[in-house]
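Both complexes below contain chain A, partnered by chain B and then by chain C.
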Partner chain A sequence: MRIDKGQISGTQFMFSVACFIQASALLATFISTVTLQDSWLVLLFGAVLCLPLIWLYRTLMVMFPDQNLLQILVEVYGPVVGKVIGVAYIWFFFTLASLNLTDLGNFTKLTIMQETPNMVLALMCVLVSAFAVRNGIKLVTRYSTLFAVITFILLSIGIILILNQIKLENFLPMFDQPFGKYVQGIHIISTIPFGELVVFLMIHPYVKLSRRNTTKYLLLGFGLGVITILGVLLPNIGVLGNLLDIFTLPTLVILRLVNLGMALSRMEIIFAVILVMLLFFKITLLYYVSVLATAQLFKVKAYRHLALAAGALIIAYGFTLYPSLVEHAASAQEITPFLWTPFEILIPLLTFCIAKLRKLPKTSKEMAKEQEV
Partner chain B sequence: MNRRIRLVASVILLPVLIMLLSSCWDNHELDTLFIVTGVALDKADDPEQLDITLQIGKTKSNTSGSGESNSQQDSTILLKTTAYTMMEGLMEFNRDSSRTLLLQHNQVLLLGSALAEQGIKDRIDLFLRDHEARMEVLVMIADGRADKVLSAKLDQEKISGMFLAREMQDLYAVSPYYKIRMLDFASRLRDGITSPVAPIVAMEETDNKQEIKFNGFAVFKDGKMIGRLNNDEVMGYIWAMGNVKKCGVVADCDMGRAVFQIINLDTERDVTLRPDGVVRVTLSVNATLNIGELRGFKGKTSQDLMRYLIDLAQSEIRRKITDTFETTQTLNADIYGIGTSVHRKYPKEWKEFKNRWNELFPDTELDVQVQVHLPTTGQIIKSMEMEETRRED
Partner chain C sequence: MVLILTGFTLIALIDLIPLIRQHAKSGIAAFSIVFITALTLAILQINKVEVPSVLILLGDALKALGISY
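Entry: the complex of A and B
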């Protein structure tokens, strides 16, 4: 029961994963306000601790190569429980898409377009996204390579320009905060940028990949994403020092500080470009996944018709989520990591265990055949 | 049928997109803007209020060349008001003026010394918060009233805000510690351990000529200006911080006067805790100098003189650094960030020290070790006076 006929290559898959994580990089304030100058260490620890999680996703992908997350759930938990969990996942995807759309609106307002209404920014983004979503997975992921490469180039330019203002002593002292802060930091980093990779369980059936290549591309994409976040965090810490946690967008502030011989200055547009580009990609992917999941749940063959309606829902939902940036940031630090944990860690883990116990992957093809018959 | 619908849809959609994407909400045309080049805040009669002065660089072109005399007066506009907060002042300016204020090109934030003594911690919120605010704005203290500096009519530069920015750019080449940006200032202000400093400028009027003079550094503590360093003491501070390029060292002694130019001066700082709880700071200064000018030194041979000059320069650098350090100890303001160094090296002990740093800093011991190299003597090897003594022999 494949709704979308498109297929994507392994490289596209890899860059999609990278782009997806990169999109969170510029908003890395979530952890830098918690663990300050040690954020980069927390990031590295978090990345290492997330490797088993990535391995879990990879295992699920390999175990069920032709079924996406919702189908796996039905398969493992049976039609009723599976569908209930599926509905919860749909809510999760929609919320993620809305949150990122809100971010896009808010941060575009902060960086380049102060007076443009949020609604217009959200609407423009969703209209373009809807176009991609209607055309299927191929178009959704087509530009991932381009976006990831542009991000790398622009980010490198930014880092080189700001290099002379980095003070190494800002990284000291290390391990100066209470232990709980590090745990909180690692929890945030593993649920907000990394754990969100669970959405790729929705699209892996469209990737032409062998068993070994799945691991390779998933980890490579993950690695690229981590490097990007590191590349954003390190200059932030090095330049801003003890002011790191008072800014809404530290990266924007440091790019504004670029001043090489009066001529090379005011580089914040780099930030705006990367931000809009990456968030657009992330929103499109989440939007696509939400639409796909909804269509699958209700057994709609022509998921295209759902695209615009879902877009409207995402916009409207986004506006009602948080009354202000402050509350958004606060909940991202305190509530969201706990709320996301079941979706990103617990349910996939449970699914994996039950599937192993019931020895499902072996019979999955037969069962699929039975269903079709 | 389908195609026709698509055509109609795109014909309708494209103009809509053009209208929306051109971001009409955020258009700022040059002829509707007032480009702010300097902001001055002064103490008002009511201590709750602020005297706000904005300097606006005119966007008018001077190519017409009709008048010489009016070009200076016309190049800036000063807007003044008194308000409780900066934002209220800005709102008032915007209401009463024909154009919108653009703060993005603001070069300098000048604080009057009276206001600085009163406290500025609660006055600079807008300069961090506003989306047009940039962290690279220079922070300076004006001797007396700040609006006088902004209104100065200078020969060198038409706009005094630009003058200050360029002057600081030059001083930045000497040492990065001269240039105090909003980021540096706010960072120290928030830190609470390292005392913020900011350059002091003063407008001086002689023979109908107005000039802006650099008058040392203001030293802050708890958001209030508590003292100042004069120009010599600023040297001592800059050298103690290191990373100095092209700066002068003047040494005076019985035999004559020597002026050296610093090619490179680097300082390494090391803090140690003595068992009795006293912090000991070791500054190892490593300087490469150039002889700039010599006066006197009769009867010295070149080799003797070189050794003598090295000693002279070393003791001069040590003296200035120690003098400044003593001044800051009397002010009880740790402008060097020694507390932060202790924090970084002894994180555990620091937890206890943190609250007592005010008592500890005045007792801190300083040890300055200066190492001077004099690789070149300039275009001449001997001076005129030395040559004369030779002939007499």
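Entry: the complex of A and C
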């Protein structure tokens, strides 16, 4: 059953992947407080180790070009087990949307609108997102290219202006942390920004892509996202050095140091605006995927009628998740990588293995043969 | 409380009525589950009832099993 009639181009898909990872630049502090000056190495190792995972998602997309993740689960595991796992995925999508909405609220409150209550910020974001979600995938991803390009330009300007404050000795000593810290850092980076790309298994049927282009656009989007996070992490380490782990938002701190006379100062507000924009995109995509997955589970064709209720749930659920930013960060470093591993790595891998063993997806000829027998 | 109830009433008016008109049973079921869960959570929070965090509970369970950093 095809719920949304819209289709997007490969380029839009690529920039959506890039934007989705770029939005996690805020979460880069999750690894920088664990692996300090070696965080950029952890990011690179994590990205390389995630390539097989991205290939796994790509393979599932190519194997089941017209089916989203919930449909794939039903086909591979059967209707009962498939739907049970599908419910777990719906919880996962709602939780991701709520967590990102909470992050957006906290970040905006900390940086731009100190006096505005979190509820108002969340409500404003969800109302705008709901408009996009009700109009389908085309509107959800329409501005991904613009967002990604703006991010690249502004981040590059920021890096150029901060170059004179970067001290190369801040990157030393390298490989000085205990081995376990590197494993933890790589696990965090693999599950929190990169593994979350599993949500694209819900929208790939709406992308006009050939087998070859799927690989190209998915990997290019992933690469652009990794470069952006690297572009955020490297200046943070180069400027702050040992002080990196004492700031909640190190990028804002380093951009505050940019001062070219009276003309150019307080650059951090630009980064704050970029992050709000990217987080808004990520929330909209997760919100859309949550609504789509719920509609898929209940076989509802008019998915747009679930959008507002789902938005209300995302807001209300978000306020129950973590009582404070500190607990959120601690959990993201110690627990969340383990919680997300089944959804992002184990189940897709198991699904792929079972699909291969069962020689799925079956062609219409094979299905007709089975019915005759 | 009044604002919350007004908001949820508006959501029901906008989305539930078209579903009822279309006789979309599965749609009504899906809408009701999402809507009632959201309404319950919102009312509990407005009344300052502490709703246990699913993620913290799962985290504690994993920690008890020795699965954490």
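Structure notes:
The criterion applied here is as follows: the second predicted complex is superposed on the first by the 360 of 373 C-alpha atoms of A that agree within 3 Å, B and C clash if a C-alpha of one lies under 4 Å from a C-alpha of the other, contacts with A are read in each partner's own complex, and residues count from 1 in each chain.
We take it that a residue touches a chain if its C-beta (ideal position, glycine included) is under 8 Å from a C-beta of that chain, and two chains touch if they have at least 3 such contacts.
Only a predicted model underlies this, so the values are computations on that prediction, with no experimental measurement involved.
When chain B and chain C are set side by side, the one touching more residues of chain A is C. Judged by the touch definition given at the top, the superposed model places A:Ser331 against chain C, while chain B stays out of reach.
Shared-chain residue A:Leu308: touches chain C; no touch with chain B. Of the two partner chains placed by superposition, A:Val276 touches none, neither chain B nor chain C. Residue contacts after overlaying the shared chain place A:Ala295 against chain C, while chain B stays out of touching range.
Looking at the shared chain after the overlay, A:Ile246 reaches chain B, while chain C stays out of its contact range. Within the superposed three-chain model, A:Ala316 lies in touch with chain C and out of touch with chain B [touch as defined at top].
By the touch criterion defined above, A:Val62 reaches neither chain B nor chain C. By the document's definition of touching, neither partner reaches A:Leu234: not chain B, not chain C.
Within chain A, no residue touches chain B in one complex and chain C in the other.
Across the interface of their complex, chain A is touched by residues 17, 20-21, 23, 25-26, 128, 131, 134-136, 169, 181, 183, 186-187, 190-191, 340, 343-344, 347 of chain B.
By the touch rule above, chain C contacts chain A in their complex via residues 7-8, 11, 14-16, 18-19, 22, 24, 26-27, 29-31, 34-35, 37-39, 41-42, 45, 51-56, 58-59, 62-63, 67-69.
Those residues of chain A that touch chain B in the shared complex are 110, 112-117, 120, 123-124, 169, 172-173, 175-176, 239-243, 246, 253, 256-257, 259, 262, 265. Of all residues in chain A, only 95, 180, 184, 187, 294-295, 297-302, 305-310, 312-313, 315-317, 319-323, 327, 331, 333-339 touch chain C in the complex they form.
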